[in-house]
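Below you'll find the structures, each written out as structure tokens.
Shared chain: chain A. Partners: chain B in the first complex, chain C in the second.
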Partner chain A sequence: MRLIKRIATYLFLSVAAFISIFPFIWMVISMTNKSVDVTRGRLLPGTHFIENITTLFETQNIGTALTNSFIVAIITTILTLLIGSLAGYGFEIYRTKRKDVVFSILILSMMIPFAAIMIPLYRFFGQVSSVAPAFGIDTLAAVIMPTVITAFFIFFFRQNTKLFARDLVEAGRMDGLSELGIFFKIYVPTMKTTYAAAAIIAFMNSWNNYLWPLVVLQSPRNQTIPLLISNLGSGYSPDFGVIMTAIVIATLPTALVFFLMQKHFVAGMMGSVKG
Partner chain B sequence: MNTSSSYKAKPRNRQSMTTLRFKKQTIGWLFIILSIIGIGLFYFYPMVQAFLLSLQSGMGANHEYVGFANYVRLLNDPAFLTALSNTMIYLLVQVPLMILLALVFSVLLNDPTLKFRGFFRTAIFLPAVTSLVAYAVVFKYLFSPDGLVNELLLQLNLITQPLNWISDPVLAKITIILAITWRWTGYNMIFYLSALQNVDKAIYEAARIDGASTIQQFFYITIPLLKPIILFTSIVSTIGTLQLFDEVMNITGGGPGDATVTISMYIYNLSFEYTPDFGYAATVSYMVLLLVVVFSFLQFKVAGDDQK
Partner chain C sequence: MKKTSLFLLLFGLLFFMAACSGEENAAGNEEENDTNASSDGEIIAWAWDQHFNIAALNVALEHYEDENFNLEIIENAQDDIVQRLNTGLSSGTMKGMPNIVLIEDQRAQSFLQSYPDAFYPIDDYFSTDDFADYKIAPTSYDGKQYGLPFDTGVTGLFYRTDLIEEAGYTHDDLVDITWGEFTEIAKDVTDKTGVAMISLDPNDLGILRVMMQTVGSWYTNPEGEITIANNDALREALEHYKTLLDNDSVKIVSDWSTFLASFNNGEVASVPSGNWIAPSISAEDSQNGLWKLAPIPRLEAAGAVNASNLGGSSWYVLNIDGKEAAAEFLGKTFGSNVDFYQDLVEEVGAIGTYKPASEGDAYTFENEYFNGQQIIYEFSQWMEDIPEVDYGLNTYGIEDILAAEVQNYLNGKSLDDVLADTQTQAENQFK
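Presenting the complex of A and B:
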């Protein structure tokens, strides 16, 4: 009975692991196959890899899209970390009743679905366009701005600040550091792990963001990777080998980030829920 | 008490302490001011704008106030009702299915005697690193009429001819549900796994001695113990599902007909695909907010009632 249960467990987990991994394997195999072979569901690696890569780079602006996605994701990550951690630190270290009320109000914004604010945001950036075109519709700045300040990261940093030794703040004051100096010279270096975790989440969110860029970006030269893939997939005569190549390229950065920083990643996801 | 009496003894010191405290509090506000402005500008202000928009009607740039006419229109709009019922189906089928599956995985993987735990955990979590658009496109091909899923089912003699996973109204919904479940189960599992690590092993030991079966342990120990985290993940998943967009857009495009359209997609279509009707689109978007609030409240209620 025990043995049967054991075997069933392994069988169940193996099937689950296989289903989870299979699309990745197929994606990588398909990258080396011709379009027809991809639609036929060929499971063996082919010899079309070089052609697929060349076609992708020649017919699509994938270089531009990659650059755009990297610019957006990196700037978003830096700003998110800076603003989010300043606020999380501020709410926890300078805690007052009034600030707690403000905190609760900010947290409420997590309930606001993006679809509900998408149209006003679009119109807002339309107005920005007429004043400062560099920050309006169809700019990367417009993609970045509404995404860098989120209640999630304020909450995340505040939760983690609870674990930060307050004595260090007092020690910093004794040493004559300014309040901002304490933040940058003591808090930031001590909280490296928290920052790493937040960076991973922020980078992934930004890299994969689809709906808002779809709404606010128009010209091909401003496309990000998810927009490019979506367009490729819905084209009239899609080349599936090329699409799969693009998908693998799009997945590589997040997969790499995950494998290199697996520990932080898991800690990061859990940091947001621990007391 | 102690400190305040010492303040009384040294009034001058008290004076400087208050100014110092006041100064520190002002600096405290400076740390958070950017976030207050940002969330105000990019969340709350648009919510107010959306509400004002929802009271207006008109195509393109011409708008006039029509009171609550849009809200009345909503109740008689078959396209909205379809989108609403589709979203509800995804929500009520997919979220419980995924959470149960994630719980089962986490319990199995929490067993320290299990071999290859690290491998299984990483493998099941892996889908969570993919971009929503990328995996949606991959699923579209896997589930195409001559795709690998049909191929496999034919080989196993489970079906006699290829199924129309994408173009049949019911199967298309199932495809979407399978896709989301693939992407998010491992993600939720990680939360449960970490929570289980804090559970005292002795509880299970005692249950086993009392003769509780594995399934009884699961329902009477694991689920009650993990209740707070289950509540958290189910609220997050509910909010996510109510906003479902990327997958449907890229797997079925909302089709066949509007059999898989979600509310978010309907809002997008109203704003950017059809003749733009921002006022009505904003009205629909307020329904999403209402649903998020109602469902979060319900889930808190259910979890709270069980806890007494």
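Presenting the complex of A and C:
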């Protein structure tokens, strides 16, 4: 009886796992097929892999796009973690009633969709361009800046800070550490799992970000990966084999980041739920 | 500690790179106030599809003799161009905007009317008389010509000779027919061969527009009023649409890729669509020589012609520095060069709307894939007959409303109610 139950459980889990991973498998298979075969839904590996890869590298600047995406994603992740955790730490450790009000307002800002602030933001960066072109429209800096301060990460870090033993702060003060010293030397090392979870989310968000880079980046030399993939699908007769190849290449970094930090990610998310 | 400083160093380097990427193109920017597009005499063009529109621009460049002219072509998906233009133009800053941009004809009026000052009139750079009449209305506004007409979306009925013959029909049976006759042939073909006649995506009502334009009708009239409730052409088109579905003559597809697959897999006997679908049809090697082309069917109404349009776009010049050079380039190539149009057909397969071009040799090329038919020539002849239509501002918006109502119609709602309700909803949304 127990054995049957066990088999049923595994069977169910295997089917569920297969269903969730199937699109990815199909994508990898399609990478080796001709466009016509992809639209037909062919499920067997083909012989067009080299051709698809060559076409992709010949027609698109995928190297540039990858580099840009990496620069943007890495800087965004680091700044997001730094700012989000400093703010979250501050709201929780130096908590007062007034700060709670500020925090609530901050949380409200999560309700505003990005599309609503996009046009004023574009106008703003248009003006920045006249003063400091290095940070204006069509620069990676303009992609990064509006995305590094998010209410979500401040909220995320604040919730996790509730788990942080406050005594450690007191202990640090006794030992003569400055407030920033406490943050960097005690808080940061003990909250590793939270940082890992936040890093994965921030990296993925930034890597997949589409709308804002789309409007603010115009030159091909500043193109990021999602923009490149969007271009690939824009033709009247898109080459789906090449598109699949590009998508697989674009997916790998996020998958890699996730698998490297998976252990911490689960722990970090659990923490935020408990808090 | 070592780790920290190494990390800081790397991070600093990265940020420097991010800032530098802006520095390059911003270098010549300082002396200009409202554009960076042409800061170094370079003209920037946005277009979609490397193998079609961008290829066409490259052919045009080869035919343009001006050593000082520097064109940078930037590939953008069509939806991306719409998004970028809307954001850029409505923010009021012209920064980051291109000099030349490709806009689909059905969207053009919404840009021209919303941002009239953002575009540069190019009447002086070419003669509108040289172009197919139906292209002029969507590309002009308030008596000024803003767009230089580019490709035609002239439609045709691509069909599978083997399946049509199996059902007992010949090429002549498909020439100059009405959509009513087409639905009967479709029923026969499906009954006798078991293959659907056409494939349709329920979210894409392009076929209704194709039908309506054969009598010069649209969702709106030239005054901009929504004309759905009393639109006889739309009424007839919807009736044919339902008949085709009721007779099981239609294979339903869900998106563009399944649409392409439907004919590549031999699941449909015909494709009524724009000329630009031809390369997608001939991508399937195994069907070589099995396809032919007939004129698009017409509606019953008086004055209907066997010619219509689906898609097609035109070039626009933005009102920023470099506009004269950009307009000059377009005028000397797309606007007046017959040789260029010959190369355009041979190298890109794009059919322009420049009337004098259809005399050339490239147009009479016999396409083996389509049974040796001169499909380019046929298309260019039909192109001149396409009825002129004012596409108005909200073609796609109205169509979203209509698409939902069409489903109700197919489920049994009366046609009168469907049209009246669509009219009301559209008026509420777009007035």
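In the analysis below, the second predicted complex is superposed on the first by the 240 of 275 C-alpha atoms of A that agree within 3 Å, B and C clash if a C-alpha of one lies under 4 Å from a C-alpha of the other, contacts with A are read in each partner's own complex, and residues count from 1 in each chain.
Rule of thumb we're sticking to: contacts are C-beta pairs under 8 Å (C-beta built on N, C-alpha and C of every residue); 3 or more make two chains touch, one makes a residue touch a chain.
Keep in mind that this is a model prediction, so the values were computed, not measured.
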item	value
Chain C versus chain B on the shared chain A, clash or fit after superposition	clash
Which superposed partner A:Gly136 touches (first chain B, second chain C, both, neither)	second
Touching partner for A:Leu3 - first (chain B), second (chain C), both, neither	neither
Touching partner for A:Tyr94 - first (chain B), second (chain C), both, neither	first
Dominant contact partner of chain A by residue count, chain C or chain B	B
Which superposed partner A:Pro146 touches (first chain B, second chain C, both, neither)	first
Partner chain in contact with A:Val215 - chain B first, chain C second, else both or neither	both
Chain B versus chain C as contact partner of A:Met118, first or second or both or neither	both
Contacts of A:Ser234 with chain B and chain C, given as first, second, both or neither	both
First, second, both or neither for A:Gly41, with chain B first and chain C second	both
Against chain B, colliding segment of chain C, chosen among 9-17, 81-89 or 171-179	81-89
Doubly contacted chain A residues - partners chain C and chain B	38-41, 118-120, 122-123, 211, 215, 230, 233-234, 240
Complex interface listing, chain B residues touching chain A	24-25, 27-32, 34-36, 38-39, 42-47, 49-50, 53, 105, 108-109, 114, 119-120, 122-127, 129-135, 137-142, 144, 146-148, 151, 182, 186-187, 190-191, 194, 214, 229, 232, 239, 242-243, 245-246, 249-250, 253, 263-264, 267-268, 271-272, 278, 281-282, 285-286, 288-289, 292-293, 296
In the complex, chain A residues that touch chain C	35-36, 38-41, 59, 68, 71-72, 74-75, 78, 118-120, 122-123, 126-127, 129-130, 133-142, 144, 211, 214-216, 218-222, 227, 230-231, 233-238, 240
Chain C - residues contacting chain A, complex	11, 14-15, 17-27, 29-30, 33, 36, 44, 48-52, 74-80, 83-84, 87-88, 90-93, 95-96, 98, 256-258, 260-261, 264-265, 276-277, 279-280, 283-284
Residues of chain A touching chain B in the complex	5, 9, 12-13, 16-17, 19-21, 23-24, 26-27, 38-41, 43, 83-84, 86-87, 89-91, 93-94, 96, 99, 102, 106, 109, 111-124, 145-146, 148-151, 154, 179-180, 183, 204, 207-208, 210-211, 215, 225-226, 229-230, 232-234, 240, 243-244, 247, 250-251, 254-255, 257-258, 262, 266, 269-270, 273
